[in-house]
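All remarks here apply to the structure that follows.
Order of writing sets the labels: A, B, C and D. Residues in every chain begin at 1.
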Amino acid sequence: MSQQSPKIGFIGLGRMGLGMASNLQRKGFPLTVYDINKDAVGALVKLGAQPAASVAEASRGCDIVITMLPNSAIVSEVVGGADGVLANTAGGALVMDMSTVEPEVTDRLAAEAKQQGKSFVDAPVGRLASHADRGESLFMVGGAEADFQRVLPMLQAMGSTIHHCGEAGAGTRTKLVNNYLAVVSCQLNAEALTLSQRFGLSLEKTLEVLYGTTATNGQLKIAWPDKVLKGDISPGFTIDLAHKDLTLIVSAANTAKSPMPIGAAAKEAFSTARARGFGGNDFSAMVDVLCDLSHTEKPRLKQ
Amino acid sequence: MSQQSPKIGFIGLGRMGLGMASNLQRKGFPLTVYDINKDAVGALVKLGAQPAASVAEASRGCDIVITMLPNSAIVSEVVGGADGVLANTAGGALVMDMSTVEPEVTDRLAAEAKQQGKSFVDAPVGRLASHADRGESLFMVGGAEADFQRVLPMLQAMGSTIHHCGEAGAGTRTKLVNNYLAVVSCQLNAEALTLSQRFGLSLEKTLEVLYGTTATNGQLKIAWPDKVLKGDISPGFTIDLAHKDLTLIVSAANTAKSPMPIGAAAKEAFSTARARGFGGNDFSAMVDVLCDLSHTEKPRLKQ
Amino acid sequence: MSQQSPKIGFIGLGRMGLGMASNLQRKGFPLTVYDINKDAVGALVKLGAQPAASVAEASRGCDIVITMLPNSAIVSEVVGGADGVLANTAGGALVMDMSTVEPEVTDRLAAEAKQQGKSFVDAPVGRLASHADRGESLFMVGGAEADFQRVLPMLQAMGSTIHHCGEAGAGTRTKLVNNYLAVVSCQLNAEALTLSQRFGLSLEKTLEVLYGTTATNGQLKIAWPDKVLKGDISPGFTIDLAHKDLTLIVSAANTAKSPMPIGAAAKEAFSTARARGFGGNDFSAMVDVLCDLSHTEKPRLKQ
Amino acid sequence: MSQQSPKIGFIGLGRMGLGMASNLQRKGFPLTVYDINKDAVGALVKLGAQPAASVAEASRGCDIVITMLPNSAIVSEVVGGADGVLANTAGGALVMDMSTVEPEVTDRLAAEAKQQGKSFVDAPVGRLASHADRGESLFMVGGAEADFQRVLPMLQAMGSTIHHCGEAGAGTRTKLVNNYLAVVSCQLNAEALTLSQRFGLSLEKTLEVLYGTTATNGQLKIAWPDKVLKGDISPGFTIDLAHKDLTLIVSAANTAKSPMPIGAAAKEAFSTARARGFGGNDFSAMVDVLCDLSHTEKPRLKQ
């Protein structure tokens, strides 16, 4: 019946998934939800969602199942496993994985879905958890045009910027390229601002110059002034997660035989930061790590 | 006599200096000029400048001497040498070096000038030679406030953006930090876009995504679309010059004991580019080098 | 019955495993063997071994099961999977994995074995396939002393150097440290000899000097003169395998929060070699890759 | 008079030069010596040498002048300067520079000497200061065969291993290649042993394994057991000097367009060590720096 709204399963209510699912539920997409964390499920139930006792139960009878999970292994198991999403949905169903995973996992699951007469969309998420809470995420979507149109209303409920990047797999790959630039920019900025500090330059004046030339970058200009440069290193995105993303990206690049010399150097800078116990800080705090390493005063904007 | 305009010497009429001196001469600052290249001197003479036969002659009697020279060794010799600018100017004179040099050279010359009762301003130049031609350069200026005011009218004749970064030496150091970010960004973009190409992503779509997130940077967004991404690798700023700047920066950082892990990796990427014969191309063409290395199609925007 | 020889299963008859199993079978250790490659199984059957139709069949009733497999995922499945070695052996059995895998996989399988009242030994293999053929391998063994004694006669049949490195897991970890040094040495030598070639030095004279100082290393002194330096780049150990090992090692180091700046740089040098199509060459040919990159004559000893 | 021994000047009595000159003087080569350090000159005078008041005085009338100086700039000045060795020696004289300098400086001085009808030999020194004291240095010599024969008796008085590497310039270049391997090996070993420590392996057992494979290297096997691995980090060769050599080598490689990806990464590891205040320690202590960075126990052999 065409007027009937699709039955939607949502699996994975972590720091990002919780906000995303909440927005869906609140904006008219009734969900069946599952997570191993009962509190997170409870929060959605309060908003009107149906709880499920398992991945299978969250998938059965659904037109669309959305997954938002921590890593490739879990996505493989939850979507493609013996009692997973694909095993518990009917032909014609659409699976949308919004996790950040290895491209090979995306490709394999997309191929399995296709073989079963189902649709697969990868739609990893940009921006921070706070954006997800407010329904202001950015999505990089891979999938056939018809499938993209099918999930578009839901993406619009969860985010404010939606890019259709190409066929299945293109969303995941675009996210890797995007995060590569953002994460390595942090180490680049760390080296530049540590040098500036060692040089004894005025931080405010230096930034004024940099912001007006092609030396600038989004992290330095948009993200950092509200984080490390004003002394806030509470995690919007942790050094640990940045390291995880870099690991994923360098690995995918190695598989694609695309050399990454500064990517690899940046990854070890993040490794050093983690070895020193700074993994839980915001990734803009990479500059603090380098200043600490070299006994240099941390860069902080005058209030 | 207060109404009299200062006597100005200008030494160094290379690719940048020629444009800068021409703007000065045309906009009411009569110059005495010197360069080893007679043609360059001739071009200024046509605009009304006085030719000098030597550094000494270009310096003698001047209130202000401007130098725009290729490297630290030449600046040391021309400004501080036995028959150089300092040796041929009177107390009260001001020397403004606009070359890009090692900070230690700037510091040493500034100290020598001070000891002789003279002023020293370092004012290295940002942007491209084409900007210098049009009087649209950016200057990062180090020097005492009074000295800065003394050269400001001249800087305004040569450029459109002028930053007073601090005391003598601060201009040179700010330029190094600025160029560090711009040059390493090119290798960062090279790695990201080569990966994107290997992934088979649409260049236009990928850039659309990147330009809207904190992954973006000035090189990728402003410089590259008009250079390598439309197939123009003629040099605005060559890979050889970028390598020279990186060498200067990493060396200055080593002296300052400020570690540069990705800077060093980037420098060797530029070394590889030069070893392969691409040193004369625009530095945005670093992406072509990496694509060539990995047998990948070069990224070009559809017309 | 104490006089009875143990029943031994051997799973994995690849380039290394085939030689190792053949030595065991020939030297008085009757094997039940399994591999997906029927030809390899056939070769062992000709030497007197019993063929098995599955991992399960090769494991059932065995006192000792030896595995020699390509990677972590396959070892996990074959040893720990639903129909794997552990599932098909009785309490008291000993599993010896001789593959090169992630330390976490070794640890997990050792823990599972222990829980089931079985023994686990990790004994990865050093040296080349040609050594394995001749029963001259080197083994780095992790396991309890009693378990080590139990497998020692078999190790002696397969190799000529046996190190008991510590408890279960210590063999795998020692191999990673060992291969780290050997593999990165190749890139180090590549850079040094390319520089020597660019400098126009005599290869013979340079090596004579290096061999007499602490600048030397085992790859340069022992391995290279018989491989790349005499023009033989046929694989004893391929660049692809070296890259795989480096990936394993850097990943294990990242997990252990042990920074690897030159390891990461070396890995990308191997990535570049693979991107350029040299992955199938011997890993000493890294110097040819760098010479090729920089248009330099390859180093070859005069006959 | 043919029987007369040559008149020899020796300039530069630093930590290495003092031992070298002392051996010469003691073994029958009467010297005229100069150094800015009067105490060092005094020590040689006690052994019977003639003191000189200047470079010029130490050079005048000499058949052979030996220089052993800290860096390229000083060598340029002392040998090639207005009142230097070349300016104060007659045609037919031989200058032997034993300093470690940029190859371009060696080449330039050799060319100047040749133009003046003089001979030039570069003979940089291997091994430690303690070897120089005992007359057990290693020399890498560049120069024409006749010139080499002319200085050979002196080299034999100062050292125990003498390599004639080729024409003038070949000694300097061979030393750079040699030191490149030795210095980067230290960072390589630092990464490997830090990983080994993080892995909880036995240091003694790990070294036993490594020493028997191609993973070994001269630093690990010969130098380290008597230095950092037994807790002695007093400088045989400091991290600061290793960094200086690496800077020289990477710069020479950049000039030669020979890429150095792991050399550059190693240099920044040494930069980090210096930034953290460890520059005065022996270069084997790079492993302590990395262990310190990653909160890992330092590797020490059990007594």
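One rule holds in what follows: a residue touches a chain if its C-beta (ideal position, glycine included) is under 8 Å from a C-beta of that chain, and two chains touch if they have at least 3 such contacts.
Only a predicted model underlies this, so the values are computations on that prediction, with no experimental measurement involved.
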Contact-richer chain pair [C-D vs B-D]: C-D
Chain at maximum distance from subunit B, centres defined as averaged CA atoms: C
Between subunit B and subunit C, centroid-to-centroid distance (C-alpha), Å: 52
Where subunit C and subunit D are represented by their mean Cα positions, the distance between them in whole Å: 39
Between subunit B and subunit D, centroid-to-centroid distance (C-alpha), Å: 37
Contacts with 2+ other chains: residues of subunit A: 253, 257-261, 263-265, 268, 272, 275, 293-294
Contact set on subunit B toward subunit A in their complex: 103, 126-127, 138, 140, 161, 163-166, 170, 173-174, 176-182, 184-185, 187-189, 191-196, 198-202, 205-206, 208-210, 212-220, 222-223, 249, 252-253, 256-266, 268-269, 290, 293-294, 296
Subunit D to subunit B touching residues, read off their complex: 243, 247, 251, 253-254, 257-261, 263-265, 267-268, 271-272, 274-275
Contact set on subunit B toward subunit C in their complex: 261, 265, 272, 275-277, 293-295
